[in-house]
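Chain nomenclature is as follows: A, B, C and D, assigned in order of appearance, with residue numbering initiated at 1 for each chain independently.
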Amino acid sequence: MNEWLYVALFIVVGLIIPIGAIAAGFIFGPKKPNPIKETTYECGIETVGDTWVQFKAQYYIFALVFLVFDVEAVFLFPWAVKIGQLGLYAVVEGIIFITILIVGLMYAWRKGMLEWA
Amino acid sequence: MNFWNDPLKIAADWMEGIFVGWGMDAVLAHVLVAFLGVFLLIAILMVVDIFLVWVERKVVARFQDRLGPNRLGPFGLIQPFADIIKLIIKEDTTPGGADKVVYNLAPILSMMSVLILWAVVPIAPVMLGVDLNVGVLFLIAAGAIGTLSIIMAGWSSNNKFALIGGFRQVAVMVAFEVPMLTMLLVPTIFASSMNMNDIIQGQGNLWYFALSPLGALIFLVAAIAELGRAPFDLAEGESELVSGFNIEYSGMKFGMFYAGELLHAMTFGGIWAILFFGGYRFFGLEQVSPFLAIPIFLFKALIGYWIIMWVRYTMMRIRIDQMLVFNWVFLTPLSFVLLMVTALMNALLKDASLWIYGLGMFLSNVVVGWIALEIARSVSRKQRESVEGPKNLAEAPH
Amino acid sequence: MVPLSWYLILAAALFSVGLFGALVRRNAVAILLGVELMLNAVNINLVAFWRYGDVTTMTGQVFAIIVFAVAAAEVAVGLALVISVYRRRNTVVADELDMMKW
Amino acid sequence: MTGEQIIFLITAGFTLGSGFMVVTTRNLVHAALWLVSTLFGVAVLYALMNANFIAVVQVVVYIGAIAILFIFAVMLTRKDLRENTPQINKNWWAGALLAALVFAGLVFLLQGWSGFSKTGSALPSDFDAVGMLGEALVSPNAYVLPFEVASVLLLAALVGAVYVAFNKK
């Protein structure tokens, strides 16, 4: 039988348990909402302005670099599984692959993109 | 095959027999029994999770020279149950302007992303979990859902601090996922497989920690950052962001985030033990009975968990810019270099005997770590001198 | 076993939905969302052809992985362009981006 | 109808429904979250086709990275997220017509193909897809060139995106 069936069971049970716990809280807890209670909590004074603050562009760079290395890892996992059986050439190919991407990391770093400010 | 050797199989066969005896379809009976098994495992995990609350509070108290919970029951063991009851009977408030569906979905997904990690965790030789040939990558996939749940919680709360905290947490998580992914490749190279069982089987003679101590260390640092625990807990930053992405959550929804974090920490301890410390293996003792293998695995997982706690309560929080620079400029290149060295050494020493192989791996790790530390030391000295000027000659190193 | 045709029809439908999104959305980010759907439809086809062809030839899966890389590159540069334009023109509505007249 | 077919139909409906929500939802963060559920549905389809590696990679790359990137980009370009402006072109019907035509054309073309309603056989039990994939990616007479070119492509994407987005003038 397909092993993913068991993973699906884990997902289903993994959803049921937290839903059950939250439902228990919903059943046993008091429910007396009012507008004052529902105001957002920020530092003890009233909320000022819009919630959608403008974010630093650096967040995008972090996600971007992560995306690139994520895809890189996708290529490297089959490589890592197989290099034990293959010759030195496979290892060298992988090293070239990684080195090319390290150049990209170096570029982003040199441009000061990986720093916060 | 008796109950002592393989209790789960015996119990499953017995229950399947009963269900089939009731006239149920064989396949359906199998699925139902599997469902009950999964349910049992996750229920046990939740009970363990409840006790982790107690463990965490007790351990932090000892680190800080306090007693911790000690009023309710022996050693305060009933305390976590009181905590649960408190969470259940608390009011669940939803902030006005929140995106209700996303807001309620986030804690559920957060908990689920931790629970499904256990699908691929082998806890005993006869309880291997799902035999997935991509087990290692599955861990990252589950983590991806956790990352998503945090961004959902932060965005849907309609709260600036939640949004900022969620974004910071996600930036940190994705940043540290790069060295983590890379370090997952190291056991994959050793075992020539991404299957968690194969990785444990491959450690029959030598734990991978002996082959790659630096890899284990980098994995632990990345795991701590992934968990968002001190010294990398700036997303929570109680003093700056009040609590980060979960600020608007209360009652059991907050409980899900909290319990999920604790269980996640212990799960990472277990995964660390599997990848680098042989999982349930302990000098052949695990073959005797699963009743011995499970405590061995649990013991190793709790040691990993204890180290994570030790780090948490010893180190101070570092700033987000320092942390991200530490990751991108130090940890990520180091992990890539280590990966390349490991792959190269693995190819060169393929035909050598186990001891030469192990020694070569260990020494290459030590050399890589030493060079990295020396570079980091000289760079940080330069930075320090550029801020405070060179030290006077009397103090200067000769 | 599900016949191959089901996968192909599903992929065609997903491709059309993505095409619809890419054509009609005004927001440039949403256009890229549509393009993602189209790339996924392509990947379904590639994996389906691997599964229903000769499974020992990994061409379909290799191509699928390369499509992942292409999708990643496309999203990375596409969204960077959108952000760049937003920072200069303060808009991400594709109709209003008419800087390149010639 | 077998269990696998039922699972396929449910997943396909889920995927297409979510995909439709991606292109019609007004709120862009919701659209990105619907994209996540579409991509998850596609991952289930891969799992159904026994392409374990591709299924997991789908979750890792798309949900773990691309969806996050989309949400970040939405946050960085927040002004046009306001829901009061129309999100759809004036001549949306032309797009809908074209999409429908493409779908009809594709189905028409595929129907004439002899292998259209092919069914596969079960995979051998010791089928090592990941190992074969690794071998195909690095062996010189298979895909080693695309393997290295992918690295260059990713490098170009990284450098290009960094340059385009944050070239301070």
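Basically, contacts are C-beta pairs under 8 Å (C-beta built on N, C-alpha and C of every residue); 3 or more make two chains touch, one makes a residue touch a chain.
The structure displayed is predicted, hence computed values, not measured ones.
Engineer: Give me the fewest steps it takes to get from subunit A to subunit B if each step has to go to a chain it touches.
Structural biologist: Counted as steps through touching chains, the separation is 1.
Engineer: Report the chain whose CA-based centre is farthest from the CA-based centre of subunit C.
Structural biologist: In terms of C-alpha centroids, the chain at the greatest distance from subunit C is B.
Engineer: Centre of all protein Cα atoms: which chain's centre is nearest to it?
Structural biologist: Looking at where each chain's C-alpha mean falls, the closest to the middle is A.
Engineer: If you tally the C-beta contacts for A-C and for B-D, which one comes out higher?
Structural biologist: Ranking A-C and B-D by C-beta contacts puts B-D first.
Engineer: Mind checking the centre-to-centre distance between subunit A and subunit C? Centres are C-alpha means, answer in whole Å.
Structural biologist: So the centroids are 21 Å from each other.
Engineer: Just the number, please: Cα centre separation of subunit B and subunit D in whole Å.
Structural biologist: Each chain reduced to its C-alpha mean, subunit B and subunit D end up 29 Å apart.
Engineer: For subunit C versus subunit D, what separation do you get between their C-alpha means, in angstrom?
Structural biologist: 6
Engineer: Between subunit A and subunit D, tell me the centre distance in angstrom, where each centre is the average of that chain's C-alpha atoms.
Structural biologist: Centres of subunit A and subunit D (C-alpha means) sit 18 Å apart.
Engineer: Multi-chain contacts only, two chains or more: what residues does subunit A have there?
Structural biologist: 3, 7, 52, 55, 57, 59-60, 63-68, 70-71, 73-75, 77, 80-83, 85, 90, 94, 101, 105, 108
Engineer: Where in subunit C do residues touch two or more other chains at once?
Structural biologist: Within subunit C, residues 65, 68-69, 72, 75-76, 79-80, 83 contact more than one other chain.
Engineer: Would you pick out the residues of subunit B that each touch at least 2 other chains?
Structural biologist: 27, 132, 134, 137-138, 167, 170, 174, 177, 194
Engineer: Which label fits the chain touch graph of this model best, line, ring, star, complete or other?
Structural biologist: other
Engineer: Can you give me every chain pair that touches, using the contact definition above?
Structural biologist: Every pair of chains meeting the touch criterion: A-B, A-C, A-D, B-D, C-D.
Engineer: In their shared complex, at which residues does subunit D touch subunit C?
Structural biologist: These residues of subunit D touch subunit C: 2, 4-5, 8, 12, 15-16, 19-20, 22-23, 28, 31-32, 35, 38-39, 42, 45-46, 48-51, 53-54, 57-58, 61-62, 65-66, 69-70, 73-74, 76-77, 79-81, 85-89, 92, 94-96, 98-100, 102-103, 106-107, 110, 115-123, 127, 129, 132-133, 136-137, 142-143, 146, 150, 153-154, 156-158, 160-162, 164-167.
Engineer: Please give the residue numbers of subunit D that touch subunit B in the complex, ascending.
Structural biologist: 3, 29-30, 33, 36, 52-53, 55-57, 59-60, 63-65, 67-68, 71-72, 75, 128-130
Engineer: Considering only the defined contacts, which subunit B positions touch subunit D in the complex?
Structural biologist: 27, 102, 132-134, 137-138, 140-141, 143-145, 147-148, 151-152, 155, 167, 170, 174, 177, 194
Engineer: Please output the residues of subunit C touching subunit A within their complex, sorted ascending.
Structural biologist: So the residues of subunit C in touch with subunit A come to 65, 68-69, 72, 75-76, 79-80, 83, 87.
Engineer: Would you pull the subunit B residues touching subunit A in the complex into a rising list?
Structural biologist: Going through subunit B, the ones touching subunit A are 27, 30-31, 34-35, 38-39, 42-43, 46, 87-97, 104, 107-108, 111-112, 115-116, 118-119, 130-132, 134, 136-138, 157-161, 163-164, 167, 170-171, 174-175, 177-178, 181-182, 185, 188-189, 192-194, 242, 247-248, 251-253, 255-256, 320-321, 324-325, 328-329, 332-333, 336, 339-340, 343-344, 346-348, 350.
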